[in-house]
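In this document, chain identifiers A, B and C correspond to the written order of the chains, with residue numbering beginning at 1 in each.
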Amino acid sequence: MTTHDISAQRAHQTLWDLSAPGRSGIRLPESDVPKQPMPDASLLREDLRLPEVSELDVVRHYTRLAQKNFSVDTNFYPLGSCTMKYNPKINDMVASQPGFSGIHPLQPEETVQGALELMYRLQRDLQAITGMPAGSLAPLAGAHGELAGVLMIKAYHEANGEPDRKVMLIPDSAHGTNPASASMGGFEVVTLPSDSNGSLDLAAVEAAANDRLAGLMITIPNTLGLFNPNIARICEIVHGAGGLVYGDGANMNALLGRARPYDLGFDVVHLNLHKTTSTPHGGGGPGAGPVCVGERLAPYLPSPVVEMVEDAERARYRFATPANSIGTMSAGHGNFGVLVRSYTYLRALGADGLRQASGDAVLNANYLRRKLEHVYRVAVDRTCMHEVVFTGRPQREKGVKALDISKRMIDYGVHPPTMYFPLIVEEALMVEPTETESKETLDAFIEVMIAIAREVEESPELLHEAPHVTPVGRLDEARAARQPDLRWQAP
Amino acid sequence: MTEHPSELRYTIEHEWVRVEGDGNATIGVTFFAQDQLGDVVYIVLPAVGSTLQAGARMGEIESVKSVSDLFVPVSGEVLETNQDVLDHPERVNEDPHGAGWMLRVRMSDPSEVDRLLTNEQYDSAIAS
Amino acid sequence: MTTPFPHSYLPHTEAQRREMMAAIGVSSADELFADIPDAFRNPDIALPPALTELELLLEIGGLAKRNAVPGEVPCFVGGGVYRHFIPSVVGAMISRGEFLTSYTPYQPEVSQGTLQATYEYQSMICEITGMEAANAGMYDGASSLAEAALMACRVTGRHSVVVHDTVNPRYRAVVDTYLLPQGVEVTTVAPGSESISDTTACVLAQYPDYFGAVYDLGPLADAAHEAGALFVVSADPVALGMFRAPGEFGADIVTGETQPIGVNMSFGGPFVGYFACRMSHIRQMPGRIAGRTVDHEGRVGYALTLQTREQHIRRERATSNICTSEALIATGTAVCLAALGPGGLRRMAELSYQKAHHAAAGIAALEGYEVVDYGPWFNEFVVKCPLSGRETNTALWRHGIIGGLDVSDVVKNGLLLSVTEMNTRHEIDALVSALGAIAGEDAR
């Protein structure tokens, strides 16, 4: 490539840089109806400063942008708690059938029986995986499921004449969405300390078990990638005090076919279908966050749920609203396009396949733990589940931060792990390989991590300045926050 | 070797207080605090004229990826806030004990200052 | 003991699994799950048997074939979700793996594509709505409106919200779900009749309103501002291709559904709620925001910014709990807007307007039908039918037509019909003649 490469020159341009008055990227037909009178001009707008580009401009622009991204399709993506597994292409192909992608959410139910049956089957299968007797596909993402969950807990206590149950217990290792969701549900958040295993401190739970307790929100396995053997006991304590237990299902990829939240004592759990069931993340969505619940919360589920009605001839499906529903979460019925992909994935694997998937996910995480523990200290030295948390403290003592290690991984073509989370681990590097990565990829990753550890000793400046191979280097985020430039404006 | 001048008093939450010649208190955050935060990008301060009790939350200070509460070290009425630091939060990094000051307070109980930490006490607190 | 299950998604050979177990120091994968108490470990989960890819297409594709698809059959249902033309470039671009299978762009160096696409999406939303700032998108139009009301409560420090009864009832329901548990009072009123007080945080309006009407929102915005309340507008972005922008009327927050621009109807999702506001309120905005900055060598680049508003930093005091939203769909809307340009968006709006008014004129001329006059309107209108909305829809389906939405709770025998550029003249004429036939059947 030379400096005269016109492709490289255009690589930094915005749509507005490509724009020329009168150009267009699509031609629409002429009207085929008799001309109707237009409304009064005072209601009409005059200016609309959208870019004017040709169809090829659109294609080249977005293709160039795409090429600046890392993705699962192009790179190993060991991003802890995000479950960046392979997104099967058949999922997209099934979801793009016109009978799914082209139907209107408010068509009469008799015209969308296939869609309703798919939702019914997925609802049933998610209930089987979680062991829960009821569920709703309505929430549109994990945090949306959390909101549904805390609202159900609130409605339950109010219906039982205990509106003063206002305290939601949340471990200090939780994702930020947990306290934010509890707060949106009108609860007071009380943060509980973790023990040295990153597991909830039993004594702290007992101390908080009183008549102000609304519930506990807890991630299984926890955010250190560990399964707390006391989890059933914790659920008993919370139930004993009249509270309910919310399971954050972000880490369900470890438990598919291995344990059911219902059996452990959970009252409600959400599933991140875009993690556990392989639907693509899309650069930050769409997701889907169905909730599955035990008997106590079933009447409060968000609307709609899908019911089957046995007619004389064949089963019929319809939307229904549970008796004491917390209401609707969106104008639609859930992120249907994501639900189709999720159902396709579950049907591709079946129960045995899911169990093999969780087994391989946990095998891969432990393999990385064992192969890298002599270089990067493991936060908690014991068998992990689907993810392993390292601490870069030994490297920090040599002046290299977890951030630097992560940025250097980019130069080796690996997406950085989740950094500085959970908050209870210093210099945390949270690695989740997922089951869809081969041993060859894992071995290559191990070599990269060992090479980087060597660079910490020999040439730390390489890490401080990394990444070196990307379209841009480390960005001035302080400037971005101090002088926000959030939209294109005419120069 | 301390970055924290002896003429200021300190809180364990990393605010400093300087008693001015007119008896009013100037308040800011410490060198140590700004060093821990990194680039300060946004500051929220209480309204001029409001009355605060020592220890109350008086505002927020944000870096790119953190937000921390600010607590008022002494009780009193807010006389002035530093518009320059609100417009240019980087002043806190450049000169935390000078141009990076945040507010002036008319103290209702000047003896509260005596109960704050000396620079030596503060330095040993942050060292532990 | 787990039986090995060979699968194309699972790359390990049995020999590799054994090798890895040996490296870890266990003799079976099950040992790795020993922390799960025996009583709970390896439950039976009753799922149907696994299918191959070929079988999946037959089995699940068979369900797709049992749905009636608008376009294959005439359909006049709107109510917030509309079938507009989607240029071929939209699907081609957003199905690229680098957009489709990437994560949230927390690592800007390897996410410049998503980040610049988001910045450009925000810019185009600002242009369409006439606002100063937009975020990267919320879940959908309804939750976006609910979050706008919560934002207005934070900005004003007030806890009471006024909602117009001309706002989509499904949006109003979501406003209730979000606001009532936080103790916010929600009052529904007819536009202009509201008793706004000094405790009102905001007024929520819709444009065009649920029944299709378009009118000057300026006086309503002024009335809200006089009481110190914010004025929030939920707007159809295609309508904004021809009608004045809410920002011009003085709206403080503009939200809506981007679905009509480049997004498949997909039985109601995934969509995107757009969200735009004034710069002065930016610190209270929910959701992600991409910003433009430079790297250490001065090269222009993009990064998520103002993140201290968000849950991963501010936790229980965050502006919202939203994390994963609808980034890919927002990029689809951006691609569609780039292809359409100002002329294309305007033409799409005007074609919808023309065809809808043609349909209304045809129906108004029928014996027994009346088109309700709400003043100037865009592409949706209410018809008073001789039968109830529900009966009319059932009768239309017998003619192979999916009718409209039953609004008999507002207008006796009311049917809300929507027409876009996708409805052919042939479809419209079929609707008019079927309605005529239904009235005739009823008369007999």
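Keep this in mind: contacts are C-beta pairs under 8 Å (C-beta built on N, C-alpha and C of every residue); 3 or more make two chains touch, one makes a residue touch a chain.
Note that this is a predicted model, so its numbers are computed, not measured.
Engineer: Which chain has the mean of its C-alpha atoms lying nearest to the mean of all protein C-alpha atoms shown?
Structural biologist: A
Engineer: Looking at CA centres, what chain is most distant from chain A?
Structural biologist: Of all chains, B has its centre farthest from that of chain A.
Engineer: Roughly how many whole angstrom separate the Cα centroids of chain B and chain C?
Structural biologist: Chain B and chain C have C-alpha centres separated by 45 Å.
Engineer: Could you state the distance in Å from the CA-based centre of chain A to that of chain C?
Structural biologist: Measuring from centre to centre gives 19 Å for this pair.
Engineer: Hey, how far is the Cα centre of chain A from the one of chain B, in Å?
Structural biologist: 39
Engineer: At least two partner chains per residue is the criterion; list those residues in chain B.
Structural biologist: Within chain B, residues 41-42, 62, 64-65 contact more than one other chain.
Engineer: Going through chain C residue by residue, note those that touch at least 2 other chains and give them in order.
Structural biologist: 307-308, 313-314
Engineer: Show the residues in chain A shared as contacts by 2 or more other chains, in ascending order.
Structural biologist: 477, 480-481
Engineer: Can you list the residues on chain A that touch chain B in the complex?
Structural biologist: Chain A residues touching chain B: 477-478, 480-482.
Engineer: For the complex, give me every residue of chain B touching chain A.
Structural biologist: So the residues of chain B touching chain A come out as 38-39, 41-42, 62-65, 89-90.
Engineer: Which residues of chain C touch chain B once you look at their complex with the stated criterion?
Structural biologist: Contact set of chain C toward chain B: 283, 307-308, 313-314.
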